[in-house]
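Letters A, B, C, D and E mark the chains in the order given here, with residues in each chain numbered from 1 onward.
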Amino acid sequence: MEQQGLQLSDLYTLAPELTLVIAAIVISLIDLFIPKQVNRSLLGWLTLASIIVSGVFVSLQIGPTSLIDPANPESGELLNLLGGSYRVDNFANLLKLILLGSTGLIILMSIGSVKEEDIPHKGEFYYFFLPAVLGAMITASSGDLITLFVGLELLSITSYIMVGMRKKDHKSNEGAFKYAILGAVSSATILYGMSFLYGMSGSTNLMAINAALQQADPSFSALIYVSFFLLLAGFGFKIAAAPFHNWAPDVYQGAPTPVTAFLAVVSKAAGFAILFRVMYGVFYGNSGTPEHPIGEDAFFSLSVLAAIAMIIGNVTALRQKNAKRLLAYSGIANAGYLLVPIATQFSLVHYTNFSEFAYYLLAYALMNIGAFAVLLIIERSTGSSEIRGYAGLYYRAPWTAAAMVLLILSLAGIPVTGGFFGKLFILMGTLQNQTYWLAAIMLATSVVSYYFYFSIIRQMFMRSDESSPIRTTPTLGITIWICTIGTVAMGAYPQGVLGWIQDMFKLTRDLFIG
Amino acid sequence: MSGSIAPYLTLGAILFCIGLYGALSKKNAVIVLLSVELMLNAVNLNLVAFSKLGVNPSLTGQIFSLFTITVAAAEVAVGIALLISLFRNKGTVDVNEMDSMKH
Amino acid sequence: MLANIPILSMIAFSPLLGVLVLLFMPKSQGRWIKVIGIATTLIPLVLATWLYIDFNQQSNNLQYGEHYDWINVPLNKDVPNLEQYGFTSYYLKFSYSLAVDGLSLPMVFLTALIATMAALASVYIKKRWKLYFILFLLLEVGMFGVFMSQDLFLFFVFFEATLIPTFFLVGIWGYMNKEKAANKFLLYNGLGSAVMLLAFLILVVTAGFSQVQDQASSSIYFSGNLGDIVTNLFTPDSAVNAGGEGNPFYMSGNLKWAVFILLLIAFGIKLPILPFHTWMLKVHMEAPPSIVMIHSGILLKMGAYGLIRFGILLFPAEAKEWAFVLALLGLINIVYGAILAFVQKDFKLVLAYSSISHMGVVLLGIAAFNQIGMEGAVFQMVSHGLISALMFLLVGSIYERTQTTQLDKLGGLAGSVPFMSGILLVAGMASLGLPGLSGFVGEFLAFLGLFGSMKVVTVVSALGIILAAVYVLRAVLRITYGPINEAHRSIRDARLIEAIPMITLVAFIILLGVYPAIVSQHLQQTVNGFDQFIQQVTSMKTGG
Amino acid sequence: MENLLNEQLSWWNFGVFSFWAVVLLVIVLGYVTYAIYFERKILGWMQLRHGPTRTGPLGLLQTVADVAKLLIKEDTIPRKAEQTLFKLAPIIMFIPSFVVLATIPYTSSWFFADLNVGMLYYAALSGISTIGVVLGGWASNNKYALLGGMRSAAQMISYEVPLVISVTGVIMMSGSLNMRTIVAAQEGAFWHWNFLPQIVGFIVFIIAAVSELNRTPFDLPEAESELVAGYHVEYSGFRFAFYMLGEYVYTFAIACLTTVLFLGGWHAPLPFLDFIPGIIWYLLKFTLVVFFLIWLRGTLPRVRIDQLMSLGWKVLLPLSLVNVIITAVVIELTK
Amino acid sequence: MYMNNYVIVAIFIGLGIFLPVAALTIGRILRPSKPVYEKLTTYESGNEPVGVGQVRFNIRYYLFALMFVIFDVETVFLYPWAVAYKQLGLFALVEMLIFVSLLVVGLIYAWRKKVLQWTSL
């Protein structure tokens, strides 16, 4: 096997990842050696700083020429990192920006907001985000099954621990254990599917697998299906799409709220990143030939998965009384929405599904983190995450309530917000590809979602018990307003973000490897 | 080496199914963890078999299985740690009793 | 005279001035908040009146058009070998595009008028005036936008923009079951807008494209511009109509039908057409009087307006084929509404069902597919807007004094509140279609238009209208005459702030009744244009 | 052996392999018998007493008599014990101790399986014994046994880590996991043997190995004064014998492994001594290691459990890692 | 032949199983069996056994088990690297330094968290 070592010149390309690795180590050592009396918020700020540095490195690399080998830019040759197993293309860079941005906001909202008695190891609470987001970034960048798997597991295993961070709380323990077990089962399922892909191609490189599958013996098509459905089940779990969603509500409820936000946004985004890569790196292009019908069927299965997720997520959310569980189900439904652009393939008039996907993902990240930040305020003041806790929020903290209204409008997909345009672009994509049934389900379930999203608004405005003001911490306030303003800005001027994504992302270069 | 790959794959499938069944249906959390381990080992068996007898035999499969082993170890380590913490708080390892968050 | 200033934007967004001021008012200044709220609604009223006078009645074109690009997203740059398909790039364009014609203009004026009346009627609001007026003014912006938009997307945005304030207004200031009513309102209308969005987006991605040729490149725009869509839909050799399954822009006959039916459902919910009417009863029951005035007076009209603007004018062939179905739906609305209004014990419900009945008339007018029918439909919209606003204003004022709207608890109010009873009688007369009042004109024109094509339907509906006389008189007489409830003997008559909107509305009702030309002369050319257009395109063979 | 290994497998080959395996088993059993005898004798001399003298000439049959006693002794299984696991545990302890021997070469031509992953094979299999210990302790359903078992497991796994890492240096020097190749790489006089260049690794290895064997000074699992007898407190008769057997077979294996990895295997210490057959050198080195183990038992006191753990994790593990790094750097510099 | 080596391993395993089975079977024939109640009681230095034998034991055993799992598995990566080290370049050294230093960080972490201290818990 031809294996290519890492060159020193590649270090710059890997700077975002390396920053995180070094930061994780340094901050953990600092945590170990500074005395107990020192406020651990310091570590939170350091973590945030390292996230920002990493983000700066990513944004320095992102650009229309990002994949060109920096060693000899004239040649125009594509950068081949680690034998093609690591791809720093704009697909990855865009997702990394979203991942890092989301993590940064989540850390920002946790600083000074997490209660000491709740989480005994505050230092770890902060810097554990680093390996987790690193795993997510590796997943987004991987061009190889092994890299992909390692990144995914780095993310998953760190998440298990973060969910169980409230050591004394048995809900947290329970959620973490469930997550760990089911996560491990799903990892095993993914691996099992990958093992067949490897067996049929003799390689773990996505591009090589794609090429091998196209020439594979027709008698293998059953195995291809098996591996596809195993992968689908595993990834379905990671993105919490119904019917593989059962873990999500319990885990979300058990986890500390910032971690819940992390799971809902970053973990999910990473799962989608892989799904996108694998679907278009491995299975796309295998359609057309009668011996290998998997392509069409694969995308159709995704559509069905999306439909089920939208329906179950939104319908089950109707019954929830706990805001975290509600947001969990909302996340399941959103997984459905995000699956739609992946399931909607390219066609002549529809070549933009990545930008639709990335746009909605960004909107989803902003509105969800904002919502969780508001929930954190509620939890701090009432001590529980029941929806009842929102009662009279408008009279107790009018500005927070106003922000929450905007976030909810976005979640529900009401104009003019980022969430609305995200759904709108996705819808247009499906309609351009004439998948009317999926569009109809998407719209109908969105309407169902109005009910439970607005139940929070009802609490905030129509049920008032008291009017004693609620205090928010500055970090929470900043987080909420960054998210809200971002959401609204994405609604008011959607072409800004979308156009930029379109500028950065080049289909042939960033998705079809090589 | 010549030889058929079918027996390996069959064994792998059987192991995987037993593991999956165990992971989803057993009451004792420790057994659940063991079942997960069984699933991962089924994968390793597959990978190693493919690396020797697959369509294009290559070493990659064995490397992959090394990673799988490592990750499985980490996963189970975390699983056990969480289980201990749960056991300290609830005093049980019965999966059926983990139902404090139902709606 | 007004052509050089963005008069439509000024009308539509002038309420935002009030919002801005109110945002910085302290909550404690209750009185000033009310004053500013009411005063703000006067600005669009004045501007709308000016616009109404300035409008060129001789033209059937859109007037006072304003057009700015809003959303302009490059959809793709790197499709491999894009050139071989004849274009180099494509864009998604939604524009901020406003204009009015003879159909929108009366609606705009009605909105301005009723908004002011409702703002005056907000005296019944007892708490949180600041939030109330902010939401109220936002709602007004949305309503203006709906009637002015010339872009599908913009229309949708404004349509949704009316949804959220109404939800809050009903949910916070309503009566006992306010939350239930707000929910029901939200879900039904949300469903309506979702269906509408689906239909619109199908239109955008098929009929909404246009090709722009530069020197070297040619690009495709998808846009929601109504004009573009109309052009594409009715050009026989455009990609929408020509070309087969392989053409992504092609609209098959089935697809056209599907979109038409989606639009019918979407606006039918708002109108409301019969099976979708339950939400509207709840809102009429629970919402505060000023909001019911807006709701019944204008929001319902948005359904009818949308149905005409998009359902009928974009799919005239399909609509004409379904003329009988539309008529039948109208008939059902009329008869069902009338019968149920007759048996109600609550005055609010009587009015709610009568609204259903009256909106049926609009459907009938549309189903006639001729100029007279259409004129009748629009006239009915305006007239019902005025009448129902007046009615609910009265309901509010009566409830304010008696704390009930149950018919069997009311009675003999003529003795204690003669002024209000008088107004109630006038409103009742208008509602049952007494000649000389505005209700008569709309119904008469609608029936007249329909009679030529569907005689049986017309006759049966006319019988339904007679029922209206029965239930209106029953309710109105029950309230004004008969034995008086002792508790109501000493209630006081209308205050000045209540009397102003009552008198204004009555004045308009009478004005329209005796001088209908004040509306119809604006309407005539436009409706005539519609009629010609429908004749022309249905005779032309388009689509599959 | 080499030729047979390269032939096509046949019943004849199989028979030959089996025969030699049985021979090795017999040798090992004989070794165990007399290792115990010599241990007692040597300890006796060190403590100025005689050791066994009565059974047979010079007490040579003492261990044989002990085995016979164990064989006919009643085998009690406590009522509360987990019957199946209780019976299985000693066997689980014994099997890997014998199976690891398959990969050990004795001279350049006397060896059994010539595995190219020999060292890994050894490390992997020897770990299984821990399970036997823990199971035995747990299945006894006795507090002493359980504690002994747990301690033993903790100790074994703690020292397994430095043990396997300390070998890494040797592997780097020879570039192979194959035991024969490792010995071949130590060709030449004794300063070519690994124990000098790999002195850190060697020390770590020896200490960890002693601990792995649960021998003094690391015999805490069996600490009579604290735990009665450790994990096998409930065992008697031949089941107990298999625990003992397993432990002594491990001393055999570790002695072999030390010889092979660090002491140059069958190579003569100085080139002119080559005329003496390799097996003699091998046996000498082997005996030296065994003697060293017995010697330790005679001289050192037992450590405390916290000292034991600290030593393993805080000293040996970092040392072994340092050894890996030093070896790597030196190899890189001298290349 | 490659396979022959494993045949030998199999033979060793067979013998390893055979010996205890045979010995225990012979023992069963030879030895007496006179179980009485006292003889089958759990041994607790002559006292009546109290409670169950399988008590909850200290958490530290688990911690050591976890540590073992982590470090032992890392050696899986060290061994192949060590075998191939001479053929690899300087970069292999650097990579291994990174790897080992990560391990050391893990060890320091455990150390500072007092996991390695037997009496800490």
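The definition used in the following text is that a residue touches a chain if its C-beta (ideal position, glycine included) is under 8 Å from a C-beta of that chain, and two chains touch if they have at least 3 such contacts.
Fair warning: this is a prediction, and the values are worked out from it, not measured in the lab.
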{"item": "Touching both subunit B and subunit C (chains)", "value": "A"}
{"item": "Fewest hops from subunit A to subunit C - one hop per pair of touching chains", "value": "1"}
{"item": "Most contacted chain pair (by C-beta pair count)", "value": "D-E"}
{"item": "Chain whose averaged C-alpha position falls nearest the assembly-wide average", "value": "A"}
{"item": "Separation of mean Cα positions, subunit E and subunit C [Å, integer]", "value": "79"}
{"item": "Subunit A and subunit D, separation of their C-alpha mean positions in angstrom", "value": "52"}
{"item": "Chain centre separation in whole Å, for subunit D relative to subunit B (CA means)", "value": "32"}
{"item": "Subunit C-subunit D separation of Cα centroids, rounded to whole Å", "value": "92"}
{"item": "For subunit E, residues that touch 2 or more chains besides their own", "value": "65"}
{"item": "Pairwise chain contacts, counting only pairs that touch as defined", "value": "A-B, A-C, A-E, B-E, D-E"}
{"item": "Subunit E contact footprint on subunit A (complex, rising order)", "value": "5-6, 25, 28-29, 32-33"}
{"item": "Complex interface listing, subunit A residues touching subunit C", "value": "347-349, 351-352, 409, 414-416, 424-425, 427-428, 431-432, 434, 436, 439-440, 443-444, 446-447, 450-451, 454, 457-458, 461-462, 494-495, 498-499, 502-503, 506-508"}
{"item": "Touch list for subunit D against partner subunit E, complex", "value": "4-9, 13-14, 17-18, 21-22, 25, 71-81, 90-91, 94-96, 98-99, 101-103, 112-115, 119-121, 123, 127, 138, 140-147, 150, 153-154, 157-158, 160-161, 164-165, 168-169, 171-172, 175-177, 228, 233-234, 237-239, 241-242, 305-306, 309-310, 313-314, 317-318, 321, 324-325, 328-329, 331-332, 335"}
{"item": "Of subunit B, residues touching subunit E in the complex", "value": "1, 66, 69-70, 73-74, 76-77, 80-81, 84, 88"}
{"item": "Subunit A-touching residues of subunit C, taken from the complex the two chains share", "value": "71-80, 85, 90, 92, 156-157, 160-161, 163-164, 167-168, 171-172, 178-179, 182-183, 186-187, 190-191, 194-195, 197-198, 201-202, 204-205, 222, 248-249, 258"}
